[in-house]
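Sharing a structure below in structure tokens format, with a few things to ask.
Chain naming follows the written order as A, B and C, and within any one chain the residues start at number 1.
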Amino acid sequence: MVAAELLLNIPFVIIATGALVGVAASLLGAFLILRRSSMLADAISHSIVFGIVVVWLLTGQQSGPVQIAGAALTGVLTVSLIELLARTRLVKNDAAIGLVFPALFSIGVLLLNLYAQDVHIDTHTVLLGEIGFVWLDSVLLGGVEVPQALLSMAVVTLVNLVFVTLLYKELKLMSFDEGLARTLGYMPGVLFYALLTLTSTTAVAAFDAVGAILFVAFVIVPPSAAYLLTDRLWKMILYGSLISIVSSVAGYYLAVLWNVSIGGTMALTTGGFLLLALLFGPRYGLIAQELRRRGQYSANDRRALVVHLYNHEGSAGQEEENSLPALRGHLHWSSGKVERVLDQAQAGSLVAVEGEQLRLTPAGRSLAREILEPWRKTEGTSPA
Amino acid sequence: MSDGANAHEPDLAVHVEDLTVSYQHKPVLWDIDLDVPPGVLAGIIGPNGAGKSTLIKTILGLIRPAAGHVYIHGRPYREQRARVGYVPQRSSVDWDFPTTALDVVTMGLYGQLGWLRRPGRRHLEQARHALDLVGMLDYGDRQISQLSGGQQQRVFLARALVQDSDVYFLDEPFAGVDATTERAIIDILRELRAGGKTVIAVHHDLQTVRSYFDWLVILNVRSIAQGRVPDVYTAQNLRAAYGGQAALLHSSDPVAGISLERE
Amino acid sequence: MPQLLAFLSDYTIQNVMIGAALLGISSGALGVFAVLRQQSLLGDTLSHATLPGVALGFMVSGSRHLGSIMFGALLSGMAAALLVLILTRRSRLKTDAALGIGLSTFFALGVVLLTRIQQSGNAAQGGLDSFLFGQAAAILRSDLWLMGALTLAALVLLGLLWKEFKLITFDPLFARSLGIPVVLLETVLTLLIALAIVIGLQMVGVVLMAAMVVAPAVAARQWSVRLERMVLLSALIGAGGGIVGALLSATGANLATGPLIVLAISAVVAFSLLLAPQRGLLRTALERRRTAAHLRGSRVLVSLQRLSAQHGDRSYRVEQGMLNAYHRQDTGAGLRELERRGLVRRAPHMPEEGTHWELSDRGHDEAERVLQGLDPGNGTANANSSGSNSASSSSGSKGVHGGG
């Protein structure tokens, strides 16, 4: 009965709920990012406020299956409206997004103002959620009291996991090459709507915990950070989920430490991971990029030098062009750069210096040929 | 505009030396030397990805080269801006922008106007004159989204004409225009040449090279050949430029077609 | 009437109206550039990202002092814009993800700071909530001076750099070839848009300010041929919607101001998209129907002419049922259209039942013209230098073939 005891442990329930929100969102967010539709998640998470309020006014239910169904409908409604507007060609896609969700969101908030003065979904919760209170509402499941938010997040996460696992190949194709997916008969349009519907239902399930806007962070930020770390899709999903889980744990304790919003610190921590990935990512991080760029610049400089020498080799202007002064005068290189490039080119035995004159070595000549006439594919010397 | 003692190759309209351009680590142009004498109508041809647009943009200072330098009538481009006119690719802008044809042409004068000054009556007159030259005077007040592709291209040309430059660069001026417009444009370019101006156009259609241009630059990442069209437009040079992409050549072209089939 | 006057001279009401007008003018005018540069969602990110600045401004000044809050909001908005710029230019992430990251992480930081302030138990903290959804009634006369000064500054700068802003929005490449410092001007423009958002924060709130950047501009685009007019109209629509929404909120039953303003302007957008005379959807739909009817008519006309030519009889009569079978659709509407234009007429053909039709002389001429591809109903007779004639007639004839 360790599990049952854990479910009475408030920190555990809060952290587990946050982690499930993150994992469920990362599963879907990875595909949204690759398809360049992240801002639809923003639109949906704002406009489900409309759906939640309308369903609540009609049925009196604040959560449960009816709310989930209502959310799915709202998501589809939002995206259909955006596509409808964009298809008129009067409005660009980004402006269409910026028109639709504020309108729906506004209606939702006004309805709340009018009818929900004393209910616990006030406008504040709408935006920020209150993950600190998720343990308050619980249901009996097999004789064990299970917090309702945790239960619904677990179900939603499971559904998302099954969806992504079963349709992994199709989703991947849809995200990378929608045209090809269509030709192969995978109905990427239907699949995309299914993905967005799940995004909506996840947003509703996560609503009590993190609110409408922080949810956007869980969808977009962890998979984005993962995208800076790997090229493999499944790794991107895995890393995204791991980042979400660690963020939930760290976010919880930071919030306790600073006495601030738990959902806020959880979302903020995902941002911290993104920053780390941006700086230190092994291939796509800024530092790795800068190091590689330097290497490539100097390689390019060496290549530019051999091509220059090759072009003028045997021509009337060879004396003038293939000389040290020409590198400064014609290529507009500084003295320091000339020295550096020549040192490297000599070290790679591409160029020989004879007084003021520069001569290509056979290796340098074949590198130049390889650059200029790649279709010939002569001697396979790799670029210096 | 006196070409003083420190002018470099003042007899050439365009003088490019050892130009190397790399884009996101990938070199697009290698060590280009390019000389275009004044008063010619020059075409730049080459296969897709040969760097034709990049070459023009680099000459105009829109892309910073990794090495090399550019002179327009003997001086760096920066000092010669007023003597250069530019027609970008038509597809590079959103034609649903709320403005009129006349207004777009007037934009050609913004460089001369300088900060804080508004175009006045005289400038509008100049713009109307340029529209007249391209046969679009009646369309001056027309919203640009309502113009056909060919008409939009003419508006772009008029905007360059109003710059009243010595050297004109055109990026694919015939792409996606109707036959009437193509004829109208080439007539205007010829008139410019007759007036002593230099015109340099990125061109796609090999079939019209010999009838349109008198100077030719063949490009594929490096400069393959350049000079008078009869000397340069040879099967050997085309083969060198188009290499593996030979299938893309128009087989109906007398020079390119036959020689490539023989290979 | 005296009641209305009393209402309008009410101090709070005046404040609210002036504030709403300033908000609408600044975001309406500058939003045009965000929309035209296809950066509508940058407004969304900027507005959400002002939240930490709002909180910081409050923490530093220790009160709900609008000046420091606006300054903080502007700073954090620009920091988010910088983050988005770095992410799109320097990482492999695309614009949409970068915007989402900027929006959500900055908002999260704002939430954290807000709850921090709430813990501190500052008496003025309650007022901070109004920055989420906006609260018109909370506006003070001193706030208006600040908002007015900033609006004026933004508009003056817009006026001074008008032709440069227009050019870099329409054709940045050409602008650079003229030696105009495009990157610098783009930064100034982004700063101005952030400024417009900050001006409106107190009225509309961080969550919905995005709509104020997009909606007035989209509505104004429907009625404008020129940028000058679009900016002017957008400012007017913004101000109008702002005043309507703010008044409803200030007088009504405890309704948040932001949503009311957004809905007022959204209504103008819907109206403009549907009914604007040039670009409205209604007009486009009607035009499409008219063209379709015209095409159907032309095809029926040509079949009638062919039949009469085959039979060598200029007044050959054809039964409508036969035409229907020939075209595999009902030709009644097309025939009535032709009849209205005097190109065909009903002809009795006893003893057979059903309507019969024959071509009039003008119908014969018209059919000839259609067959030669010179469709006079399609436009002009001047086939001179303009390229549009060849373009439109070629697309027209494509329609004829494609439709058959």
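What we mean here is this: contacts are C-beta pairs under 8 Å (C-beta built on N, C-alpha and C of every residue); 3 or more make two chains touch, one makes a residue touch a chain.
Small disclaimer: the values here were computed from a predicted structure and weren't measured.
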Check your understanding: Mapping chain-to-chain touches, which pattern fits: line, ring, star, complete or other?
Key -> complete
Review point. Computing the C-alpha centre of each chain, which chain sits at the greatest distance from subunit A?
Key: B
Review point. Out of B-C and A-B, which chain pair has the most contact pairs?
Key: B-C
Exercise for review: Grab the C-alpha centre of each chain and report whichever is closest to the global C-alpha centre.
Suggested key: C
Review point. Centre to centre, by mean C-alpha position, how many angstrom separate subunit A and subunit C?
Key: 29
Check your understanding: Per the centroid of Cα atoms for each chain, what is the distance between subunit B and subunit C, given in Å?
Key -> 35
Review point. Between subunit A and subunit B, what is the separation of their C-alpha centroids in Å?
Key: 40
Review point. What are the residue numbers in subunit C that touch two or more other chains?
Key: 38, 221
Check your understanding: What positions in subunit A touch 2 or more of the other chains?
Key -> none
Check your understanding: If you look only at subunit A, which of its residues touch subunit C in the complex?
Key -> 33, 36-39, 41-42, 46, 85, 88, 90-92, 94-95, 97-99, 102-103, 105-107, 109-110, 113-114, 123-124, 127-128, 213-214, 216-217, 219-221, 224, 227-228, 255, 258-261, 263-265, 267-268, 270-271, 274, 278, 284, 286, 289
Review point. Which of the residues in subunit C end up touching subunit B in this complex?
Key: 36, 38, 160, 162-164, 166-167, 169-171, 173-180, 221, 224-227, 229-230, 384-388, 390-392, 394
Review point. Can you list the subunit A residues touching subunit B in their complex?
Key: 292-293, 296-297, 300-301, 303-304, 307-308, 311, 330-333, 371-373, 375
Check your understanding: Which bits of subunit B are touching subunit C when the two form their complex?
Key -> 57, 60-62, 78, 81, 84, 86, 88, 92-94, 97-100, 103-104, 107, 110-111, 113, 115-116, 118-119, 135-136, 138-139, 143, 147-151, 154, 159, 177-181, 184
Study note, to complete from the structure: So, in the complex, the side of subunit C touching subunit A is made of residues 35, 38-41, 43-44, 48, 86-87, 90-97, 99-101, 103-105, 107-109, 111-116, 119, 129, 132-133, 207-208, 210-211, 213-215, 217-218, 221-222, 253-256, 258-260, 262-263, 266, 269, 273, 279, 281
